[in-house]
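Two complexes come next, and they have one chain in common, chain A, joined by chain B in the first and chain C in the second.
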Partner chain A sequence: MSKTITIDGKIIPFEDGQTIMDAAMAAGVYIPHLCHQPEFTPHGSCKLCTVNVNGRNCSACTFPALEGQDILNETEELIEDRKKITQMLFVEGNHFCPSCEKTGNCQLQAVAYHLNMLDNHFPLFYPDREVDASHAEVMIDHNRCIFCTLCVRASHEKDGKDVFAISGRGIHKHLIVNAKSGLLKDTDIDASDQAVHICPTGALLVKRTGYQVPIGERIYDHKQIDQVALAASGSRPVAALPPSMAVGTENIKHGE
Partner chain B sequence: MYEHLETAENRDSLKRVVVDPVSRVEGHGKVTLLLDADNKVQQARLHIVEFRGFERFIQGRPYWELPVLVQRLCGICPVSHHLAAAKAIDQLVGIDPENLPVSADKLRRLLHFGQVLQSHALHFFHLSSPDLLFGFESDISKRSVIAVLAEYPDIGVQGVKLRKYGQEVIRMVSGKRIHGTGAIAGGMNKSLTKAERDYLLEDIDQMIAWSAASVALIKKVHCSNLPFYDEFATLRTNYLGLTKPDGALELYHGGIRAKNEHGETIIDHIDYCKYNDYIHEEVRSWTYMKFPYLLSLGQENGWYRVGPLARVNNCDYIDTPLAEAARVEFKAHSGEAMVHSTLAFHWTRLIEVLHCAESIKTLLNDPDIMGSDLVAQGEKRYEGIGVIEAPRGTLFHHYQVDENDIVTKANLIVSTTSNNMAMNESVRQVAAEYLSGRELTEPLLNNLEVAIRAYDPCLSCATHAVGKMPLQLELVDAEGKVIDKLIKHSDGQIERDNA
Partner chain C sequence: MANKIRVATTSLAGCFGCHMSFLDIDERMLQLAEVVEFDRSPITDIEHCTNCDIGLIEGGVCNSENVHVLREFRNNCKILVAVGACAINGGLPAMRNHIPLEECLNEAYLDGIGVENPKIPSDIELPLLLNQVHPIHEIVKIDYYLPGCPPSADVFWKFLTDLIEGREPSLPYELVHYD
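What follows is the complex of A and B.
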């Protein structure tokens, strides 16, 4: 008989070595997350996947699943906390969805829709951040970096390059590249590197490709982030949302 | 002409009347009048009081963002900014208009016809028809599209549906009714599916019929109020716009043509990439909007009007039959080479609505709009200029980029900017001829707004003179006495005036 945990009262099987996130996703239970990608070492930095395990809050992406855990995921309090975290991510950078080329394909935007985030709540910081367009093919827009370290991990673990790192602490935290000049053009990055394509926001981009995917064909035009994430993880299919819940764009079908 | 009313002497002794905000226009503007003891108008100005500054904050952004970023200038004519920027960035990837894939060119034209149709319909039916149907000095409760829908339901509903159709064209081509994507450097990101094409074809004949009816309506309104409609706020000016190589009306791409008040050609078939050799802009301290003029005629005489009146005046013919017949009738009514009536902007706007509806039908029946060859690419360039006939007139987008694809310089000459001098002159004229010496009432002041509204100004599009704008800063004490004054001149020099 397999071991189980419960999430919001639902019995979920798990195997030794799985995190709560792994077990939940495999069972078709979505826990919001930004810094987590199943193929990379968990980092636990964005805190969006915070769940309550036997009365104590912890990150689902780093916390191992253990027999007897009673986990709360979709509580009003946790959803509100996640919304606040997302709002803080928005105000800390410069995220202008209306003109951003990542719009419709952006996990930060999609998770904000999922959490029903309707405003920033907190005052915008308007930080003065640079665009590094020095490389011929790849661009960093630091305005949109949320320090998830996915590019750091992808470059190290998959590309074997160590192009990226996070430097500084607290509000001075920032993404740096492995070059004395501090410029992307002096690193060994290549447009085909996994690190370039892993960014959940529009901070790392392949140049001159923006807006090529028409509205209606972008990742989150017709599916919410939970549907997309669960489908990608290979878990069992989830029921489609009613059309009124569709996010990101208008329905392209005529006569709506 | 009433240039002397731009700045009055003894301003402190005059009574101030303000129309703020000017309503039923896009953006925020106000009119100020200074009156003497006999209520005679001594000064009349249209001030554009908002400031946008797009020219500055698109610097530092990658060029492929431009069509999507700059269209946020406006919610009424975003497609025009989208396409002007797209034409400019086509050049940055080495594609001139003649090298754009045929399908992309036709899809962009379809998108633009949808845009002009919806913007013109919005302006005529929603914003201006209350003035034209109920009278300029009618009761304020009647001066809205709601009253039009109540008293002239057929006209009101046709207007709403015409606009909706234009927006559906935009949605099918660019994904959204407002602020879609669509145009990318060197082409388009999608073509129309057969289902989308068929959906738009369903209603196009009805749209053509309603457009033709709206031309008949404005002709009736205009001609039954002669000579008032030919004289109200009317200016004998130069006109500027794009035309096709054969002189036909053109909205998407052509050479610059300017004619003077007698219909004589000033410039013709000018490559718009050389616009800087022909058009300059002047700044003044009391408004955020610049004043463009034709260099060859100088600041004083070189100003011109743009928009539907300029286009219909300037072109030799229109290449769709119903609109061409309407143009011939329109020109015949005045008996002059050029029609100068400011209220004739409305008539010409509706002739263009008809032209757009006819052109949309032609394009929808063209299989190229469902083609798959959508993007072309050439050799990188560092400067791009895109010019288009937006609903409100000729729109210039000019960008420079560096070797990293980042925008380093931008200049936008927005349609409404070109009509700035004319709108001010029309305001001064109405103030002098209809308001001066009379006890001012709210309905009477609407005459000023009717004059401005005829130009269909988009005030929020048109205010970008950052860094060049002369400004005056006054510190006033509790008694209203000026205790300090800083003046920034247009060359950037700052002077303190303690006099």
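What follows is the complex of A and C.
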């Protein structure tokens, strides 16, 4: 008899060692996330996957699944919390979608669409950040970095290169590259490295590829990120999903 | 017809692209005109807002005149709507925000390639530029947001018909785009 947890009342099986996120994804239950990718060590920094476990809020990507957990995922309150977190990610950087070549393929944008985020709510920071276009094939636009550390983990765990790291704390946090000059051109990064392709936003880009697929025909232009993420993870839905919490038809009045 | 819904529109630090997209509702404009009357708007050339039901604001706030116009709309419109990326987050004009204003003016009017008769415009009629471009929700209370660069004609249509027919406006997934 396999062990189970419940998510929004639905019984989900899990195996020892799985996180709540692993069990949910495997069962076809989407929990919004940005800093998590199944094949990388969980980091738990973006907090979008916050779920309520037996009355306490936890990050689903780092919290182990344990027998009998009663988990809330798509509640009005958690959806509102996730929307506020996403709005904070937007206002802390410079996210100008109309001029970004990642638009339509961007997970930050796609999560915001999924949450029916229509405004930024908070005052915008307009931080002063650099673009590093020194490398022949790869560029970094620091304006769009959300410090998810996926490139840090991918470079270390998959590419075996340690090109990236996060430096500084709080509002001074920033992505650095492993070169005396601080420039990408002086690293051993290659356009085929996983670190370059794992970026959920338009912060890390391969040059001269941005408009190969026209705007309007990109991944999230027609498919929601929950469908895309679950399909990519090869999940097996355990039962018919309950109707999602009216994402997309939600009230667009300014939430205050 | 009496008691038409009164709508005012303006473009602040915008490109009028949102207004052009609004006009893309095409023949539905005739249906709209049966129940809606335009007050201050580039469509009517009326210079100042009087009491309105809906105010549509395109563009962010980049100069002193934008601030005055935005406040005039807030004072006169029951429902104020931020239309398009620039009204919502400053948009492309806000990409000047990390460049000092003096450098922007020097580049545009003195040092830029191809500038003739270099001189920074200083006519007293010109509104003064703000140091930074701001989204409109930082200046006045905004009731609704229509994202997009521009929002599609269907976004305008969905939003206005929801409001006119007494429904709480909502945008389904396929109408929400930031680009």
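By our rule, the second predicted complex is superposed on the first by the 234 of 256 C-alpha atoms of A that agree within 3 Å, B and C clash if a C-alpha of one lies under 4 Å from a C-alpha of the other, contacts with A are read in each partner's own complex, and residues count from 1 in each chain.
The rule is short, and it goes like this: contacts are C-beta pairs under 8 Å (C-beta built on N, C-alpha and C of every residue); 3 or more make two chains touch, one makes a residue touch a chain.
None of the values given here were measured: they were computed from a predicted structure.
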Contacts of A:222 with chain B and chain C, given as first, second, both or neither: second
First, second, both or neither for A:134, with chain B first and chain C second: first
Partner chain(s) touched by A:109 [first = chain B, second = chain C, both, neither]: second
First, second, both or neither for A:76, with chain B first and chain C second: neither
Per-residue contact with chain A, leading partner among chain C and chain B: C
First (chain B), second (chain C), both or neither touched by A:208: first
First (chain B), second (chain C), both or neither touched by A:98: both
Partner chain(s) touched by A:119 [first = chain B, second = chain C, both, neither]: second
Interface residues of chain A shared between complexes with chain B and chain C: 98-99, 215, 249-250, 252, 254
For the chain A and chain C complex, residues of the former touching the latter: 90-91, 94-100, 103-104, 109, 112-114, 116, 118-121, 123-124, 126-129, 215, 221-222, 224, 247-254
Residue numbers on chain C that touch chain A, as the complex places them: 82, 85, 88-92, 94-95, 97-98, 132, 134-135, 137-138, 142-147, 149, 168-174, 176-179
In the complex with chain B, residue positions of chain A that touch it: 98-99, 101, 131, 133-134, 139, 207-208, 210-217, 249-250, 252, 254-255
Contacting residues of chain B [partner chain A, same complex]: 60-62, 64-65, 67-69, 72, 93, 171-172, 174-177, 179-182, 184-185, 189-190, 195-196, 199, 404-406
